[in-house]
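Take a look at the structures listed below.
Both complexes shown next keep chain A, but they swap its partner, so chain B is in the first and chain C is in the second.
So, the complex of A and B:
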């Protein structure tokens, strides 16, 4: 995503004397997208972790006497069920809060796995060069050619739909972006003088990779991590929506949309509410990633 | 140039072979095909019988070589579920998906280019901010949810377009829009960046100095050069649209390849799934190779690797 330039010339002037940390904080304070993204991500993370403490009802308990109660703002709604209930009389707000667990968990897990794979391949390709680099590029071309959503659907369904399966399959299919970024950066850093200096004083390849190169890639990896996490969250929801991801009665936003689809013509909130939650989370994760990129980019860029 | 084309083709072939091997291994290792064909309640004897009948008892390597050598002459085998050659199924369903993919791509390009050019006219102006925010929002909207929202809004509350089926051109309006929107942010940003770059260059200043009107400078001089990177992305996007058709077709009940993929996955129909994954990958490979060759033809610098 292109940067929305936020630092004006006079601001750049007075941040030159600051330490890097102060500079980051100063830039973060004026970056609205970053603030919004970070706030929403923190709230969703808290909801996901403390779901049992926060949810007002059980997300699984059915109450057939209270089916399809509309949300509080509609006619016939009550504060007992703020977001109403679904076709089985389960509290929609509680299901939404538990759904954050699935989205955040799968998103974080799969992005982390993809990160581990992509960074490993990218580091080896960029550092070793030659044959390793050519093989990695070939692997990348093959990975990009595969229709990832279709393949993920088939693999998750064939292996048996469960959250660990989703994490492994989505993680293994989303490493290419990390690899491209890490490979390019590693090649650039490898050619720098301080790396030659480290080689001269007898550092091993492992020391150079982990102590000299990897720390410098940290910012870029975080940015890619958040952008990929957003993609994975959408993929999980899509798979669950199509019925091959998270299985009922587990609450996942994609699954909630699928279950609400039957009644969406006369009860649109069943589809609107989980969809909005999904949209907000993905938007926030993307804005957070863009924000981190903007504030960590070198001054000259903007 | 000929050497370049041959090298690209060779590479494409190698990638296609690797992808076919990976697809075959992943799908056949993900589950025991015999028990999937037999169904959930099948007895162990029935599963064993199917294993022998379908040849699943032979080593994977043998089965792969048999599959790929048949694929090479255009025989993808028979579907377990529909009991027909899978290639026939593919050809039957392809027109719907191709129509969908091309019309979605047209929408992507028109909307993306318009927004990108408008945004680049005055970087950081309000139009630019508006276009970029629109891109950010469009990127975060899940495709299937956008589809459902369109169905509620335009299909039920203001019934302008039909929301399910594929019998007339009207049926394709909403699905194409939904599928098309997903790639708008990418085209928008590429066009914007390219235009800002080009508009600041010397030859545009010369054109202005010569007294050409702004419209002519924008469309005849600038856009042409800003389009180059967009062209290669469009080729790649066409490949993605085919994959993305799985979701759009099931939301709007179009009977195309995406629907076929969905049905064959739920029916554990490995030959069909295998063929679709491989075909989508193959189309993607052909498009990227064609894009590379096109670029090399347009710009000789690209011929050197």
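So, the complex of A and C:
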């Protein structure tokens, strides 16, 4: 019979039979960006979680005798204070390590919250259309019309600042990108034949949303997540910088930059060190996001 | 006579991120004034790249090599970019597949037509406008002068293609290259456009190259033909010779793959070429066709094959001698259905599925400011499907075929009327219940599979949803059905985009059949596939039908496919049924004028036949503004006054045939 498998000549060994998981690992092994991003994020997370064990000094303890000690690589630096001390003589390395807790906690927390809100609204608007879609568009317009930094400042100011408040406020202000991207994609995918096919094999709306549509939005969501996380961290930094974020003496990278700015011209390390940490984290998250997108994308034949 | 265009040993290498891809290797072409060359080949065989190479329109960084490339007195290999630019559109004109993308949507037709001429020929606006009107009239466009101020989107597909042709003629080109000029059009329009091209070519003594995958088109319009396979020409000769006495095994296989009207016994296996076109990145050591060739011999795998001349102007690329290659090795064609199942359908039995006065009206805004208007995509259709039937629904694009299928599948609820399964109303059934009985295969295998799910997951999904059996049992069932529809086991963990179109369509078939449904609704299951693969899929559908006792509703625009597998045919026009009859009756004794026109526009690959004249004057009407009375009257050669005023109703013409036409109604006995 000409149409059965036995008679169908195979293509010259072009496809390797790996399970999806094996393929993922294989691709991850050669993806440099992903590896770098993951390493940095993992190290920073460990530092943040085990801060009390890792930090050489207390981040709050002031030692006015040792104010503004330069870092170890500069003249007058010592191994006691590797990254030097700040204006109040607190160990800068320890503050940096404790600051990772706030910056990363707020970053991941708020980005994840925004993601949950934006994806939910976007999916329902795109899939249901009609009234749901119009309501979502209205919400979006309102959100875009509000100056978000100002609003965040006001909210945090009234509610009182704590890390959970920051996460909730920032999360509620950063869902619009997810929503726009998810809504557009959902509308496109909804019209494709595999959604019709899913209906004819008996899927319910919920099954279609979660099994057929959502996995296809994964790439876009990851990319937006990594971008938004960077934005949120910087947002937190600016709030702290303006004095409505985390309150001293708690350390956060944003706050450290804020406190260091007065001495920026003659003690640049005060700004450069937390700035570099922030830059590294944002870069790593972006690389990680791109990497996850690359390795999970189904590869094509050609 | 010295040919107008002469190309020798043209090779084109595309630079891709993953490496080089030689899309065309060593092809030679020539075409003289007044001559038409047809280039046929399946998708990816390098047809379009060859024509782009001649026009010097290849993407940047592409390597083009040839020993000779000459057009008239110009050497195309050494021509400067500005010389090429003045040749294009002036001496050489090109017509593309999709007229919408080749006309600029923001300029009026008049502007686009005249600009070309004022630019290349430096004539005045007035002269150019007059010529544009003259040409539009020539290509059969009525009220030509008023069309000049219209924009491309205001015209139908057929009209746009005519405008495109008229535009190409503005500068009186010597050579026309038409790349799939009619693929995007309906059969009835296709015949008109081909006729038009032919007439104009003879009248103006132009040379023409027609590139297509449709053997019927090539057979009817060209003088010479070159068959391409995997970047090479495998056979060249006069149309007469190649179609009557194909030598290369690929050409033979292709010709056997298409169902030819009038020569088919329904249910018989079509000749098909097993397997797939090899990737062009392969480092070929032998004949490129060796992995699919039915006559392959040992040395084919390791000998590079040259084009050999077997008689004057007749070349073929095969190691076998002409006689060996032509020797029939096929035994009698196999009969795929057991001829018991479905051969005698009990028309008095209760229908397994039926549509009762089903109607689907969409509310459309014709433009931004206009109020909503109703568009009757499906207008009061009643169809019964009985166990064992293969009912084909045919009609032009936009006539509501897919909407009907979506209603039957429960994907679109009818605005009035009911769809029932074994007498139960579908709208009261859950998706799961419906899906046990009715399944579907969609047109486009590239969008009907979720790109994020592996083949195994896709085929197992229906079983998962229905919670049948343990995971292990489900996997076994999936593997069994994969084997049955011919998907290699090793593809279980692959993603759809690693598969070819034909393989994907097999996956879609497996997914539809894994639940063991009774009814399968196929919406154009083969129209996105290559000819040779199309035959594989049709054969598979036929085999499965008698094996699994299926009932099919098949939607298609391809009459040859209908004749090959249908038992009953429903002809639709503008949302209404105009004729229902047994397949044999439709082909032997069509009643409705539209059915007749549809049948006569089918282009079978008969080299000495002409393109038929369908006499369907205007093109397909806009469904928002359907004509009064019989909606077919503006195109009907037999229309009378009464047709404009009163719509005919579908009524019995004989026990198995129903027709909606005043003339047929009036004299039912006359045709007997």
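Methods note: the second predicted complex is superposed on the first by the 243 of 302 C-alpha atoms of A that agree within 3 Å, B and C clash if a C-alpha of one lies under 4 Å from a C-alpha of the other, contacts with A are read in each partner's own complex, and residues count from 1 in each chain.
Please note the rule applied: a contact is a pair of C-beta atoms (placed from the backbone, for glycine too) under 8 Å apart; a residue touches a chain by one contact, two chains touch by 3 or more.
Model, not experiment: these values are computed from the prediction.
Judged by the touch definition given at the top, the superposed model places A:42 against neither chain B nor chain C.
After overlaying the two complexes on the shared chain, residue contacts for A:212 are found with chain C alone; chain B is out of touch.
In the superposition on chain A, contact of A:20 is made with chain C only, not with chain B. When the shared chain is aligned, chain C comes close enough to touch A:202, but chain B does not. Contact with chain C, but none with chain B, is seen for A:194 once the two complexes are overlaid on the shared chain. Once the two complexes are laid over each other on the shared chain, residue contacts for A:74 go to neither chain B nor chain C.
Once the two complexes are laid over each other on the shared chain, residue contacts for A:116 go to neither chain B nor chain C.
Residues 1-2, 4-5 of chain A touch chain B in one complex and chain C in the other. Of all the residues in chain C, the ones that touch chain A in their complex are 18, 269, 272, 274-276, 278-279, 281-282, 291-292, 406, 409-411, 430-436, 438-440, 442-444, 447-454, 461-462, 465-466, 482-484, 486-500, 508, 511-512, 515, 536, 539-540, 543. Chain B makes touch with chain A in their complex at residues 11, 14-16, 18-19, 22-23, 26-27, 30-31, 36, 124, 129, 132, 135-137, 139-145, 148-149, 151-152, 156, 185, 189, 192-193, 239, 242-244, 246-247, 250, 261-262, 265-266, 268, 273, 276-277, 280-281, 284-285, 288. Interface of chain A with chain B (complex): residues 1-2, 4-5, 138, 141-142, 144-151, 153-155, 157-160, 230, 234, 237-238, 241-244, 254, 257, 261, 264-265, 268, 271-272, 275, 278-279, 282-283, 286-287, 290. Residues 1-5, 7-12, 14-15, 17-20, 23, 192-194, 196-204, 207, 211-212, 215-216, 218, 298-302 of chain A touch chain C in their complex.
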